[in-house]
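Pasting the structures in now, so scroll down.
Each of the next two complexes has chain A plus one more chain, namely chain B in the first and chain C in the second.
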Partner chain A sequence: MRRRTYLDRQRRAGLLFVLPALAYFSLVFLVPLVESVIASFYRTVPGGASRFVGLRLYEKVLTDSTFWQSVRNTLTLLAWSAPATIVLALIVALGLHRLVSLRWRSVWGAMYFLPFSVSLVAAALIWQWIYDPVYGLLNYLLSLVGIPPQKWLQSLDQVLPALAVTNIWVRLGFDTMVFLAGLQSIPGEYYEAAEIDGATRWQCLRRLTLPLLNPQILMLSILELIFNFKIFDQVYATTQGGPAGASQTVIMLLYDTAFKYFRLGEASVMAVFVFATLLAVTLVQWRFLRRPVEY
Partner chain B sequence: MRRLTWSHLTLPALILTLALIPGAPVAQTKKLVYWTHWEQNPDFNKWYAERGREFAKKTGYEVEVVTVPYQGYEAKYLAALIGKSGAPDFFNGIAHQWCGQYDFCDPMPADLARLWDESIPRYMVPIGKWKGVRYGTPIEHGNFQQMYLNADLFKKAGLNPDRPPKTLDEWLSAMKKLTSGDGASGVVGFAIRHKGHPVGITDKFLPFAHAFGARMLSPDLEKATGFANSAEMATALQFFVDLVQRDKVASLALGGPEDAFGQKRAAVIFRESWFFGWLRKNAPDVTFKVAALPCGKACPGAGALFPWTNLVYKNSPNKQVAWEFIRSISNAKDDLAQHESAGILPVWTANLESAYVKSRPDYASTQEMLKQPVPPTYFHPKSNELATAFGEAVVNALYGKGQPKPLLDEAAAKMDKILKD
Partner chain C sequence: MRRPPPLGRWLVVALVTAGALVVFFPLFWMAVTSLKTPPELQRVPLRLEPDRWTNLDNYREVFARQPFGRFLFNSALVASVSALSSALVSSLAGYGFAKFHFPGRQLFFFAIVGILMVPFQSVVVPLYLWVSRFGLLDTYLGILAPDLVSVFGVFLMRQAIEVVPSDYIHAARIDGAGELAIFWRVILPTVRPAVATLVIIKFMWTWNELFWPLVVVNSPPMKVVTLGLVSFTNMYFIEYNLVTAAAVLSILPILSIFLLGQKWIVRAVVMSGLKG
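And then the complex of A and B:
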């Protein structure tokens, strides 16, 4: 019998350490995911019998105009929110990074991070009040400079940009912290060398900072994509998908389909669609945007 | 450190033994759990718990009331009823959904069902039934919309609140006189429902549809095309849309219609009997009167899209006790006491001429609406989904996303698909 080497023991210990996380992941994510995929092929009555229907539910969902409208809404909201959040977070992080006083950097950082720690529903309700056409703070401020009141969340055209602002407010702090951590890990010598070579600030940002922040930019792009694609709480609490379905997102439609109309099969198809889309886009982002970074 | 001795172990062991022995003299609270999403009527809900304390003296079971927020209540109910554990013993729900689309309800004992059938007004008899079997006890008489009008705003506009408009033409003319702005500044005539889930929007539009002689589904509830998109329905929807877009007597700038009426930003709202209690509590300074809904080609009559009833969960280990509790409150006295506490119309016919009901501002209008023919009902297991498809057409038309007829055609086709599926 072969004697166990040190490496074997290390491997075994490593496996044992990973096991709880693996078990948790399998139970909480993997099993429901597999169940969801299976459910998408069955017409299910909750508490009743299930019937295998093959791809019929896929055909039904993927030819439904309401579903595609919700996909369009989700993508529009994503397009309004994600790039703006990442760019603003980078600007804020660069500003904070330039602050010499660590205390002030922490204070400002905490202020930006605060909205991220607020419950999404609570944040949504606060913004609902801010946007209220009659009593809202925003219209009051606009009235002070002579701008007529806007309908915001009750307008077909303004509802998605208005929700995007809420998203940016919620997510800005988190993204800023990630960028700040990335900036702090870039060795100062690089900038000193660039300065000696006569690089301008803009050149430093473009040729040095941004390439070295590539892992953070990639990670945040993926996270923002996932967050915005899965958005539910804020929309549900503020507009419930209105007005006239203008802010109904895929996850909201999924929720209604599962729990209001009790069509678990169709809801599973939507869940599979969201999963597949996110997986595909993430892989594409990973493949084409990732650059190896070495300090 | 002190050593562990037998004396240290004796007390915990004794407690554990007492807890494990059945019938041991450890105080145990037995509870019947009741779930409701009627968050707007806390006094009504609290009454079950109060009455449960008396019930406990005889049976040992108290009633615990759990109020589930209305928004998203279906998901919570469904998760609990499928999961069985953590589910209520009885709950406030719609029979054709929870007993029709699913099989979550316990049929009512025959003698109790007979008592209810004989004790409630004629139009309410189908409420709480599915395929002729009674599952639930109807909980709200007057679960149909009536016209609440702000008497002061009527007088200010030169209208007599004691002579409310009877026809849709008179009503529209009154709304025009009452309107002095868009609600944000000035007053609008009518507080229209345009926000929230399309199901609620359908509910608020149906009285108009019925007044125009339209109906959402065929009488056998098997077809939508030809009904949801009929010429009468298109005319009704055009009338509804015109209130906002052409006549400007209703505004999309206002939020919830109840708040708009309570804040005196709107002069008229269509709501059910519970709104009397809500106003009394939340807007006591509003002087209001209640009138029957205006009639067009037909009168809207006493009908409801949401026939709320108390249902017993068939998998509850306490279902017999739940029925006993319901039996104990199935009498005219309790019916009156509970509904009076919350400002809602009682359910039992015997109470319809009580001093409380006669003193309510909706006494005459309720009588008037009950005399009208019963309007179409849509007690279909998929009523939520059907009403959503229909409501989407209504709200899209309100927001100018299309013309009423094509939107209704699209909705009807979608509803037919749902019905066939």
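And then the complex of A and C:
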């Protein structure tokens, strides 16, 4: 009898501890998410009235070339930044891991990690100054080796790669730290065993290190994918989607649609699109990551 | 492991160093630009160092053009409240999930982790409508609304509290301590490093946030520092000596916190990286 009341009290206490967080997340995420889905079926007329239009808005957004252009831009930006960030981070982490002195390892590691603390707005503006077509440092350096000035952020072809460099700069340190932690958790005996078997350094890297870093590589691929898919700050602070829509990303378009043109229904369709895409990606991630690491 | 031959080792050191300098350089370039005068920016050939290392005119101009002190204050306030509130609510929830058995525990926890998948931009329009309905546009509470608790925090705190021996809790209970007292006096002190991690990370995230403040803030006195930075670019001709000075002002506080708490931030990164 007394035991049961104790258990009941425990249950209530547990629920009460998690309740504030649960209530908050429901209010701030779950309810608005449902509302977003509902709003995507309604056309809002200026003045506040809204009318049910079924899938009409989906049809409108999904056949809009501006929308697909923004999807293409986002994916291009992703393709420029994510693989480069991960490969560079792996190289840097392997280099840092080879530094024998732990002190230097953490000092150099901190240098790579510094941009992670900088806001995306500030990062974008620093790079915009470096890219400046007239007075920028980059064109000046190129002029020293005889290359004519480029327009970078103001060029249709160069704007996405240029933005990608900013992304890589911001994210490199984070990815490096994840890889470094992964490398440090690999037991040294594996390498000793490989050495006894006569494996070369290259074989060690390909057959031992890379497979053991698989969880980190997958994890970072997903994180980079999500990060780049949601790109907004850098674009808003510098190009605002220009020139001529060449750097218009999905979130940038969503922002303009909702808060510049107040077409809330169409913005909600894009919101659902972004959510569905990232959900699909995360589910795929789970399928891969659920597989235990084979040691 | 075989020691790499000296030449190879020096090569690695050289490459790692070169890379670190390349990564660090944009920050250095920002700092020196903020000390230069407009004519210096346009001078050819380009000089690395400013004419006068003590030229703070750009900083004075930043404060003269915009209420930048106010921006910094707003950001500090919003980021502090968001960090402390996240730490408190996340620890409570983390404790509940780690040490109590109640119906729906697994379900609720997975629901919370599932929220990690919801991109903020997918809920921003309804959230904006709610905030405006409650008359919270252009208020601190409005800016804070989605940032008071972080999902990552609940996750982090559950992980940290799980390894606290349950004997501590039982002992305290036998001594007649109430559940809240146990949380406050037994649990929180033992997970101080995790709390520090969460406070630092959340402070940094809120400080650097642009999207939501952009949506809810209209009037200049309510702007946070990221919005203040953007306001220096809303002109046809961008004065980079001012932009970089404002950028330095916005980065310095967060950079000092970052350098002081680096140990903890790396912990958080490693956790998020390894545990997903």
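Remarks
The rule is short, and it goes like this: the second predicted complex is superposed on the first by the 258 of 295 C-alpha atoms of A that agree within 3 Å, B and C clash if a C-alpha of one lies under 4 Å from a C-alpha of the other, contacts with A are read in each partner's own complex, and residues count from 1 in each chain.
FYI, contacts are C-beta pairs under 8 Å (C-beta built on N, C-alpha and C of every residue); 3 or more make two chains touch, one makes a residue touch a chain.
Since this is a predicted model, take the numbers as computed values, not measurements.
When the two structures are aligned on the shared chain, A:Q154 is found in touch with chain B, with no touch to chain C. Once the two complexes are laid over each other on the shared chain, residue contacts for A:R287 go to neither chain B nor chain C.
Legend: residue contacts after superposition of the two complexes on their common chain; A:F29 is shown touching chain C, with no touch to chain B.
Taking chain B and chain C in turn and counting the residues of chain A each one touches, the greater count comes from C. Of the two partner chains placed by superposition, chain B and chain C are both touched by A:F259. When the two structures are aligned on the shared chain, A:D132 is found in touch with chain B and with chain C. In the superposition on chain A, A:D233 makes contact with chain C only, not with chain B. Of the two partner chains placed around the shared chain by superposition, chain B is the only one that A:A244 touches, whereas chain C remains out of contact. In the superposition on chain A, A:V92 makes contact with chain C only, not with chain B. Chain A uses residues 132, 236, 255, 258-259 to touch chain B in one structure and chain C in the other. The part of chain A that touches chain B in the complex is made up of residues 45-48, 66, 132-134, 149, 151, 154, 156, 236, 239-246, 255-256, 258-263. Touching chain A in their complex are the following residues of chain C: 1-2, 4, 9, 12-13, 15-17, 19-21, 23-24, 26-27, 29-30, 33, 41-42, 44-46, 89-90, 92-93, 95-97, 99-103, 105, 108, 111-112, 115, 117-119, 121-130, 145-146, 148-149, 151, 154, 179, 183, 204, 207-211, 214-215, 226, 229-230, 233, 238, 240, 243-244, 247, 250-251, 254-255, 257-259, 262, 265-266, 269-270, 273-274, 276. Residue ranges of chain A in contact with chain C, taken from their complex: 10-18, 20-22, 24-25, 28-33, 35-36, 39, 92, 95-96, 98-100, 108, 110-123, 125-130, 132, 135, 137, 140, 169, 172-174, 177-178, 181-182, 188, 191-192, 195, 215-216, 219-220, 223, 226, 230, 232-233, 236-238, 251, 254-255, 258-259, 264, 267-268, 271-272, 274-275, 278-279, 282, 285, 289. Per the touch definition, chain B reaches chain A in the complex via residues 71-72, 74-75, 78, 81-82, 101-104, 183-184, 194-199, 252-255, 265, 382, 384-385, 388, 392, 395-396, 398-399, 401.
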